[in-house]
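Labels run A, B, C and D following the written order; every chain starts at residue 1.
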Amino acid sequence: MITMSHYLTFSALLFCISIAGIFINRKNILLLLMSIELMLLSVNTNFIVFSHYSNDITGQVFVFFILAVAAAESAIGLAIIVSLFRKRNSIEINLINKLKG
Amino acid sequence: MIIENTITSLLNFIPEIILFIMSMVILLAGLFKFSSKYVFHLAVLSVIVAFIVSLQNQTITSSLLFNNSIIKTNVTDFFKHICYFIFLVQILISRNYLKDKKIITGEFYSLLIFALLGCFIIISSNNLIVLFLGIELSSLSLYSLIALNRSSILSSEAAIKYFVLSTIASGIILFGFSYLYGITGTLSISDISKYLISYDESNLYLFSYVLIFIGVAFKFAVAPFHMWLPDVYEGSPLPITNFIASIPKIAFFVLTYRFLEDNPIINNDNFSKLLLLLGIFSILVGNLFALAQKKIMRMLAYSGVANAGFIFLGIFSAINNNFSIAAFYVISYAVTIVSAISIVTFISSKKFDLIYINDFKGFSSRSGYVSILLMITLLSTAGIPLTIGFYAKYLVLDALVDRGLILAAVVVVLMTVIGLYYYLRVIWFMFFESGSNSLINVRGNFSLFILSLIPASIILVFLFPDSIFKYVFEILT
Amino acid sequence: MIENILSLLIWIPIISGLFLLFYNKKIYIINAYNIFINFIVFLLSVYLLLGFNQSKSNFQFIENIEWIPSLNIYYFLGVDAISVLLILLNTIIFLIVSLYNSTITVKKRNQYYASFLIANGITIGVFSALDAILFYIFFEALLIPMFLIIGIWGGSNRIYASLKFFIYTFLGSILLLVSFLYINSSISSFNVISFYNTNFSLLEQEWLFIAMAIAFAIKIPMFPFHTWLPDAHVEAPTSGSVVLAAILLKVGAYGLIRYVIPVVPMGAQSLDIFFIILSLIAIVYVGLVAITQNDMKKLIAYSSISHMGFVTLGFFIIFQLFDNTSNNNDLVISFSGSMYQIISHGFVSAALFICVGSIYDRYKTKKISDLGGILNQMPIYSWFFVFFALANCGLPGTSSFVGELLIIMSSFKANYIYAFLASTTLIVSAVYSLWLVKRVVYGEIKVNLEECVDANFIEKILLFTMAIIVLILGFYPDYIISFMNVTLENMTNNLLLKI
Amino acid sequence: MESLILYIPLLLLISSLITGFSSKFLNNFSSGIVSTFLVFISLILSLIILFDIYSSDESIYYNNFYDWISISGLNIGMGYLIDKFSSIMLVVVLSISTVVHLYSIGYMKDEKDFKRFFSYIALFTFSMILLVISNNLVQLFIGWEGVGLVSYLLIGFFYKKQSAIKANLKAFLVNRIGDMFFILGIVMVYAAFESFDYKTIFLNLDKTNITNLETYFGLSYIDFSCLFLFIGAMAKSAQIPLHVWLPDSMEGPTPISALIHAATMVTAGIFMIGRLSPLYVLTEFTTDFILLIGASTALFIGVIAIFENDIKKVIAYSTISQLGYMVAALGINAYTVSFFHLYTHAFFKALLFLCAGSIIMSLHHNQDIRKMGGLKSKLPITYISFMIGTLCIIGFPLTSGFFSKDLLLEVMLYEKSTISLVAYIMLLLAALVTTIYSLRLLFIVFYKKYSGEGFENIKEQSMIITIPLIILSVLSIFSGYLIKVFIDLPIFMFGVKDIHYEGIVTFIEHGILSPATLALVLGFYVSKKIYKDDIKFNILENNFFKRISVIIKSKYKFDEFFISTSNIMKNTSLLMSKKFDLGLIDGLIVNGVPKTINSFAIFLRNKSSGYLYHYAFSIVISLVIILGIILVRVI
């Protein structure tokens, strides 16, 4: 029988994976965007699980908002990457350390 | 019933609505040649109008709007007014700079106003969804604003860094939200914070609060969540830095206040220790790093980290709902840093971008007046008497000593001594060294007038602080 | 009877100094304005002296206004005999400085004078503030004008010196703030009079004593904290050195006697031995160090440290004195000695720095090895220099002797070893003062200037006045000592009630 | 009468100020006259006071001019205590000072700093008077240091001469060594008797039980206080080993040597101990110490004079040895006797110095006796007076020196202790030595063939020089006959041995028959043979005497000792200021800590790479750590 805690663990794992994805990946920025999406999705899972178990719809409303915002975020993220690429014909992360110290 | 509720809500929400519409208008106006040169005036006008209107309909009683998703109290009004003031100063000062950098466009101002709007929504949100939307509204517009200076490689690098890290932060905050929702089964913050009064606190509740406050710590740039701040300060155009340094901090302080008001969690040992240790750690890190900086903006950024630590100490000391200390600190810091960055904005002209601290050498011989203004500002950041910053640090120390944390107090004051050194460095470059850079811009009487507003108020508030203290203490305890 | 004369004393110079910042046209107007203001302040302080009722021991000319009631900080001013004398010293010194400044050439003259005027007001504030935080604010604020004076108008290595001065003193004073907050957290008042009625445990008192005493020990400066002073003196302009030596060091001593010893007497009693030892080290060791200096200002700076060692010795022996001879009068005598030493050193060191400064203006060097036989070129200066050097080594008939005698007396009653070590200053101070005179003033002329102008009229007047003051203080100390007597007696009695 | 006291110091102060600050409206000569006149008036006043004191037996002037400090528990006054003792001292000081003033008008007439000189000597007289009339120890100390100061200024009067400014620094510092102990002594007395005032001290002396005062190192409290006070006196009165400053002080103008370094200042120590005699009679150890110091000074320093060739230094050394006599007398509590010798010595030693001055003037500032000789014919008046002076100092019968010295030697024998016997023998030898060097001087300067150049144009000085010589010669001869006055002079009625004295005549007979005369004759014989007839004694040629003479010529290496100690002190302090003060405290701690912090900060800055994934990593790690800690704490 799959209980609530299983879902929560799953989403927590998802969250950890996404974060790991952010700092383990050293090449491509696009992967960063993906892992960010993944992180938000894990949050969504949480909300859905909670709203399901506590018969309360607002959680799922929240999920829609999150999805929308995530879309906007990735749009802006891509835009920034584009402007970065314009100036430096590559989107490798390990080249981005002009600002440090 | 619902109708009139909505109508009253709308009526109470007019300033934000004005801002919203005007930012659209500015965006459009920016598109057409004939109107694009008026965007600045439009922006200023709209902000002033919104300011006046919100001054008109400020309330003493707190009222819940849009069926409890927005709250409007004297606290929110107070902080919003400060934001208005700061924002006006910023955009008035930044005009010439933007002209020189050729980014004085419609989308700039509309995005900026959106960011302001986002902060206002954070300030007055009473619902997790609205809060989340506010956070994202401000962050999204800031991402694009940072990257707006397409000519500079640094700005887009800063943008990408800020983007990634702050989305992580929002993710963490959201994670916390989700748990809160799971425990309490509601999204309304006031209910969430009252939850503990009826139920005893569970570890999950604590966890979610910890997660949220780590997110908040990120937004305040409290060490070790501060890395984005120096890079953003350095990379982004100065007016944006100016905005990021001040208004979001105020907004997130109000968020903190909203979450911790009437909430026993603040007396929780783990939670309060977390705040305390984060605060002290961030004071250490900020001062140490600031000591070694060569660039003025990075130096200010790290000093900002240190001050964020002080703010956390202030929040830490907010037992039995006395948020006045932290509030006063936030206000004084925001005002001071705005003055500092505005001065830097003002003096860096088209020909010459003031980046390094050495560029201040002999500045007093160039313009004694501006250098005195900057000196007052920096002394205030350092917390020397004769400035408002002294009271800010004084209150935090006082709170620490009152709670018997003498050792923490001593560590903090020793760190402020280190802090003093790097502020003095700027001062001595300005006054004691010679060989001023003739490219530095010191002209513009109106801007000078605006610039001198804040230092003047810094001194005045030092001399006659009591009314302000009274007001802050009254509304925040 | 002028109401709130203390506020006038504080704010007249500060505000007029701020005005002066906006006028930089005609030099003679600036000079006249500056001297005039200082003179007014001087007259006010004389009025204060005359209006002060020395037969009463309580604080007088009290002004107590609510400043920040929400933090229970008050604008609380008032003076007792000690403060009155120190304020008078302060105004006299600043008057002298303002006169001296009118004879020198300096850049940004108006800002220069303004800094001194502001410093004048702030110092009076320090001496008359009876609310701990108010005192602290004045105490800190005093750093800023001095910092600017050293940093802007100082010598070649001025930045190092001014920073060292500022940060070192700030470091000390911020500990002071913490201690004040601690006291406040237990008695919820910053009023110094209620500070005197605290009863902390011994441990608390010891910690408070350490924190506050270090804060003031840096300012005085006492032995291990003294290294900022020589640098600051060497780099500071002449008037700066005068103010530094004559006023700022006294602020530290004043803090000890007003905010440390009466507030935490038990702490002071249990730790006094360390401070006695430090004072003795300052007297003997720093004196020896002074002998070998090759820079006149450094030499005088070190001699100042060693003289301030007498002051602190006089403060800290009182407890042992009381154990040996349970007699309040001895304690009062010891305090009187220290206070007298403070006042006398104020004048002597100021005069010495003026002499050295004028020598520097003419010969463009402070190095002793470069100078010699200036008596042949500027006799008047040289004779004043000799006089003040002799005063510096505590010659009887000059003011320095009185303090030293009283303190040696008291320290003998406390412990004969203290007295022995303290009295070595008769030799050491004579060595450094007179050896300096021998090398600089006497002998064949070393550097021959074409036209070397001797003291001009104003300088003659200044030095003559100071010489007269020193002699009067030396031959008739009774006025000042009995002036302070009631206050000191009262202080000692309160002290003894608590230990 | 009593009110006159105030005017004496006042007049002197006025004269000092007038001559000091009257650069405009008085020429040199007239200012000299003015100050001399003022001093003379005060001399008259002092004489009036003297006679008033002596007119009635028990009359003592005692009062305060004003309160120096008067608070509860401490009363110090500026006042006067005039009894027979101090009134005589007053007269002695003022008379010598008057004569010297007069003499100086002539002697200094060519100096450009004439006025400075006169203001100095007036100031000196002022502070000496302050010392003499003082009624408490603090005022005494003020006067004490005042005279020291003026001697410092006057030794360095020719401030361009390196030797002069070396000498005056030396004089001041050596005196400071004494003063340090002196002030400690004063403080000890105060601590014991709760007052600085002589009267109160002596009254409390009876009340307080001295035995239960604390003791240090097995010596009683009084021993120590007296010892410290005496060390002060040793410096002032040039006793071994603190005598080193006096010979060098001859760098000053000659009148000063007469006034300060022979007659008055150097005797201040004797005066002080005489004043405090009630204390000194209570101590055993210290008086013996004093006795030994005095006797050895009298002998050993006297010997140096035999080999000295600078005329002034010879007289200086003789002064030291004479002071040794006085101190020795103090050592057996014979204060009056010592004071008597002080008084006679003041006159004839001043006379000798002034003679030397006139000789030096006539020889154009040549002080080396090897370039002198045969001046008998050229300088008759000087010759006569010098002769008189010499006779006095060698104690030729019927001269003043005879009375004082014989009385002194006689008193030595009263106390039947070995130490006083030793002292007696030393003093006897010292008498022999005195005879030898004084006569040596006389013979070489006046009898031997002149060995310099320009013998014919040497001539006697003007009246203003010679008159003082005559006055002093008269005084030197006849001052001795007042012996009776001194013998029953009470110094606070304590301590004085009852000296059996039956009339002047018996005394003279007794004196002539005393061993001193033997010494006199022997000395006369030896010095005549050696220095007049140039006969070489073979005994003196052997190694033993040679070695001794070498030791003596080296002045027992006292100077070298002091110089080396001061060098050690200088080097140590140099080391401390370099290594400890600048190196350790300033360098390592005060500057070192900030430097370390700064370098640490720079290290941190350089370590931080700007990589995004590092940022993210650190965020995540700290998140994990925080959550982990809290997890551990809550579970």
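We take it that a residue touches a chain if its C-beta (ideal position, glycine included) is under 8 Å from a C-beta of that chain, and two chains touch if they have at least 3 such contacts.
Since we're looking at a predicted model, the values are computed, not measured.
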*Quickly list, by label, the chains bordering both subunit B and subunit D.*
A, C
*In terms of Cα-based centroids, which chain occupies the most central position?*
C
*Between subunit A and subunit C, what is the gap in Å from one C-alpha centre to the other?*
66
*Separation of subunit A from subunit B, taking each centre as the mean of its C-alpha atoms, in whole Å*: 26
*Distance from the CA centroid of subunit C to that of subunit D, rounded to the nearest Å?*
37
_Chain centre separation (subunit B, subunit C; CA means) in Å_ = 44
_Per-residue multi-chain contacts in subunit B, two or more chains_ = 160-161, 164, 168, 231, 292-293, 421
*Identify all positions of subunit D at which a residue touches two or more other chains, and write them in rising order.*
594, 605, 608, 610, 612, 614, 616
_Junction residues of subunit A, two or more chains touched_ = 19, 22, 32, 96, 98-101
*Chain-to-chain touches, reported pairwise for every pair that qualifies*: A-B, A-D, B-C, B-D, C-D
*Going by the contact rule at the top, pick out the subunit C residues touching subunit B in the complex.*
66-71, 136-137, 140-141, 144, 148, 151-152, 158-159, 162-163, 166-167, 170-171, 174-175, 177-178, 181-182, 184-185
*Considering the complex alone, what residue numbers of subunit A touch subunit B?*
8, 15, 18-19, 22, 29, 32, 36, 39-40, 42-43, 46-47, 49-51, 54, 56, 58-59, 61-62, 65-66, 69, 72-73, 76-77, 79-81, 83-84, 86-88, 96, 98-101
*Please give the residue numbers of subunit C that touch subunit D in the complex, ascending.*
164, 167-168, 224, 227-228, 285, 288-289, 291-293, 327, 329-330, 332-333, 336, 373, 375-376, 390, 395-397, 401-402, 405-406, 408-409, 412-413, 416, 419-420, 423-424, 426-427, 430-431, 434-435, 438, 441-444, 475-478, 481-482, 485, 489
*Touch list for subunit B against partner subunit A, complex*: 128-129, 132-133, 136, 140, 143-144, 147, 150, 153-154, 156-161, 163-164, 167-168, 171, 174-175, 177-179, 181-182, 185-187, 230-231, 234-235, 292-293, 298
*Which residues of subunit B touch subunit D in the complex?*
160-161, 164-165, 168, 172, 203, 206-207, 210, 214, 218, 224-225, 227-228, 231, 269-270, 274, 288-289, 291-293, 418, 421
